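Shared chain: chain A. Partners: chain B in the first complex, chain C in the second.
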Partner chain A sequence: MLGGGILHGLAVTAKNFVGSFTDPERLVTLGYPEERAPAKENARQFPFLVFDGADPQAGLRCVACQICEKECPPQCILIVKSKTKKPDHLGKPQFFPATFDIDLSVCMSCQICVEVCPFDAIKMDQEFELATNDRFEGLLRHRDQLARPNAHFQKLHPTDAAAIDARRAEELAKAAAAATAAAAAPRKPAPESPPAA
Partner chain B sequence: MDAPDQIFVLLKHAVVSWFPTPVQPWISAVLSIGAILAVYPMIFALTTVIERKALGRIQNRPGPNRVGPAGFLQFAADGIKSLTKEDIVPRAADSVVHFLAPLVVVVPPLLALAVLPVGRNMVALDLPETGLLFFLMVGTAVELGVFMAGWSSHNKYSLLGAMRAIAQLLSYELPLLLSTVSVVMLTGSLSLNAIIGHQSEVHAGVLLGWNVFTPWGAAGAVLFFIAALAEANRSPFDLPEAESEIVAGYFTEYSGFKFALFFLGEYLGLFAVSGLGITLFLGGWLPPLTVLSWVPSWLWFFGKLAVLMGIFIWLRGTLPRLRMDQLMRFAWQFLLPMSLINLLVAALWQYSTPWPHLLRWLPAAILFGIPYLLYHRAFLRQHPPRTYRYAS
Partner chain C sequence: MNPAAAPRTFEVRPSPDAADPVHDGSLLEVSLGPQHPSTHGVFRMDVVLDGETVVKLKPVFGYLHRNHEKIAENTSYLGSMPYTDRLDYFCSLTSNWAYALTVERLAGLQVPERAEYLRVITAELTRLQNHAAVCGFLLQDMGALGTPLMYAFRERERILDLFESLTGARMMCNYMRFGGCRCDTPPGWLEQARSVVTGFGAFLDEFEALLSSNEILLGRTQGIGILPRELAINAGISGPMARASGVAYDIRKVDRYGIYDQFEFRVPLGDHGDVFDRYMIRALEMRESLRILGAALQRIPAGPVIDPKAKLRGFRPKPGESYGRIESPKGELGFYLISDGGPNPWRYRIRPPSFINLTILEDLCLGRSVADAVVILGSVDIVLGEVDR
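Let's look at the complex of A and B:
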């Protein structure tokens, strides 16, 4: 009937109005600063640098290979390679970044730096409350601000972190086995000890 | 009468009696004006918060909930904000008219509210000869303020909004007036107190004779409140300030407290016209049943006002905005003929008094039913049922 659509619409809104009081499932919004939605594992905002152990300086995985700097589409990364070397997790001497700056005002969160890094040294953070009064210095992150422990990475992306940690542990075991084999080889040239596979 | 019913009247008499006799009428007037200036803006403040919360609930979100307990002090925050904002007057604007327009919008609803009886013996200005006429004439003055605002702003959106507002207000003035005429016809008086008194006769021992319980009253109330929504620029008739089309309509160029005054004027107009609807059709401050007459009369008036506001908020949360041609067609092709038919129905009701009660409803049912069916058929011819094709 004429006007029936209006009554139907009124019924729909009345159902929503009453339902929002009786059914908490309907209220999909969150009172943001106090309530937060649980973070999604694949959420990403801006990159950070991973370090192992307790010392961000010694444990930094980055070897300043500068692949990410070259691949970065908006060119927001600046790396200056060190003059000296420091041992990596396998004990091999490697360069490290003397400067590692990311300009968050330029970064477009594309994750290409993470994809290209062969050392699993750069990963995506989930921090998004980055408002600042100073849009130049406040959004320019330096190496020491970017460095986060591996535990942080494990918390944000548990699946990725578990796979990477397993691979690194395997590499470490392989390297240790190779080192013992190398240490044993000159003393015992006999062929009965094949290198650990 | 009993004390709770007359508490405000007695209070006023007590205060007035402290003063010497020559100034007593002035003190009485000041107290009445003060009450109107305090009560209705307070209702306005609460209505804005409740409206925002209810609209939020209709959209499955909590609405404002930060300021004060459950967000109910939001109006205070909004008021402070609008007071402290810069008052911008465009350089090209006609500054005198631009300044006067918000006042012209706010004052008429306040004048109209002054003649509304809100309780037994509670009316600020009793006009026994011309109450309804005064109300309607003062209400028409809002159109002047709206057009002043739109014209003086020197802005195309303001002017478009003002043109829309004038077209809409003039068109809906007619059904509004014609639906009140039937009440005047049957009461035989323009006095709002007399109209309420006419509705106080008891039927069947319990039910009071509200006009809405008669066929012409029920139809008149529906027509009246539709026209009232349009007169008050409420959704779904809020074309003069359609945000998605013409920024904010006639108050585009207003900021700060002048903007707040427009907002206040709009709501005061809505309260005034709803109060008139309550007085004409819903029995004013009368209870519906004789057993409920212990509830204070002013509580009945403001309770009815609250219910009407709730319905208007509900409608606002439900209906989309009309198009300009739909708006005009609805006024001239539906509301106006129907309100003319309503006059006929009212006349038949008046002259069929000796008939049995149910038989008196018959002419009304025929007179409204046939045009309704014709409208339905015309609507279906214009808008045949749509068939939707979906991608498989």
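Let's look at the complex of A and C:
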């Protein structure tokens, strides 16, 4: 019958139309911004810098090794290494970034900085409402704007954060054990200077 | 006063354009695009019309040129991976795979079995969402405004949710690495994928009931834009377009890259090579992808997802060259790399399927009306990110 196919199709449309009122499974849209989809643990938007403890300056994990700056495909990171050093979580003196800028208008959210960072210092944030009136300074994030506490990272990526925290605690325990062992062991006698002839 | 000055004579000559029918007014030249919604992006068609009939058509590309190949020659091998997402932004995972496959051949890396399964699963999910979206857009071009496209996007959204929970991004996945995949599946992901695959079969039934027997659709697509088999082969057409013309050429079967030799699936072929065949081939391919996905999600083994020898930083393959190709949803996607042993490729070349499929657009459109040309372009399935690179 000519037109049978059209009627058949219209029946499908009608079924969907009525179904979306009766079956909550068929209601696939969300009323943003009042309603929001639950965040996914792996989701990524833009990078942030992790710091331990309460002070974003003292606890910053970044040691300004500049690996992420070199590996970043669109080159959106600018790091200036400090002249002085500060102790890291193991008490070892390390450099820190005097400047750490990320240009969000250039960043393409590829996560390569996170993958190459050997210090777990840079991670991906899930904040996506970044609209600003100032497209130059407003989208250029500086070190202190990028710094977020470790608790923020634990909230966004619990699985990753748990693994990293466990590893860092282990490193710390090992370093503490080595320090106590070194303190307990008798100090190695200094090499004797050759007797004066 | 200029001493060389002399009186000049002028003769009235006929305009050099007088012989050109475009300029004598019998034909009309229309620039369709580059911002026309039917051109699927910034693509322009220079169309010469005799009334409503197309007598000449020149595709004009390059509005989205981003210098991808040259940028890739100046960045590290790893640094090009996120750029491959932006080639065909509907199917970033297959672009990732083609590039990773080529670099793995260049560097001699082995891919663990679980990673191969993950690649097949993500690539077939990509094919599902690409074909669903293409069918929706094709029907939208024919005037079925909204309904089929929204149904297709509803299903596509479920697959993009899977991509987001696996890779972190809906479209720019950046998931594959040389020698495997970036991360393993989050807990519960495989079950979620199984339920999406099950639901997709029901969607295909609904989608075909909605339109595949619709008389208007048949009238608008059957016998339109016929691509003869010989022309398809001579012009190097690949993917669903070639198969709709009856060319039995599917790289999953021809090359058997990855672990496609372990899966049972059929390659649908068309007889007529018209727009309807190209539409139906995609619908049938989605069903075959569902078979592959069902088997892969059932058989996926445990294990590592990346070759332990693979290095992320300081990756320098030994000098040499390699060509890797896969069956992307749009056709044969190939990468050609030459390494001189340095940290970045010496030459990096892409064979994009939709660019080469687009070259025969004039042959398909000649003698048809403008409305048909729009439908034919929709059935070619182009993504301008890949055409212009």
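We take it that the second predicted complex is superposed on the first by the 186 of 197 C-alpha atoms of A that agree within 3 Å, B and C clash if a C-alpha of one lies under 4 Å from a C-alpha of the other, contacts with A are read in each partner's own complex, and residues count from 1 in each chain.
In this section, a contact is a pair of C-beta atoms (placed from the backbone, for glycine too) under 8 Å apart; a residue touches a chain by one contact, two chains touch by 3 or more.
This structure is a prediction, so every number in the text was calculated from the model and none was measured.
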Which of chain B and chain C A:6 touches, first, second, both or neither: both
Which of chain B and chain C A:71 touches, first, second, both or neither: second
Residue contacts with chain A in the superposition, chain B compared against chain C: C
Touched partner set for A:14, first chain B, second chain C, both or neither: first
Partner chain(s) touched by A:115 [first = chain B, second = chain C, both, neither]: second
Partner chain in contact with A:43 - chain B first, chain C second, else both or neither: second
Which superposed partner A:24 touches (first chain B, second chain C, both, neither): neither
Touching partner for A:93 - first (chain B), second (chain C), both, neither: neither
Which superposed partner A:33 touches (first chain B, second chain C, both, neither): neither
Contact residues of chain A, present in both the chain B and the chain C interface: 2, 6, 9, 12-13, 16, 28
Complex contacts: residues of chain A adjacent to chain C: 2-6, 8-9, 11-13, 16, 28, 40-44, 67, 71-73, 108-112, 115-116, 124, 159
Touching residues on chain A, where the partner in the complex is chain B: 1-2, 6, 9-10, 12-14, 16-17, 19-21, 26-29, 31
Residues of chain C defined as touching chain A within the complex: 75-76, 78-83, 85, 147, 151, 154, 157, 161, 164-169, 172, 174, 182-183, 186, 206, 209-218, 312-313
Chain A contact footprint on chain B (complex, rising order): 54, 57-62, 65, 314-315, 317-319, 372, 375-376, 379
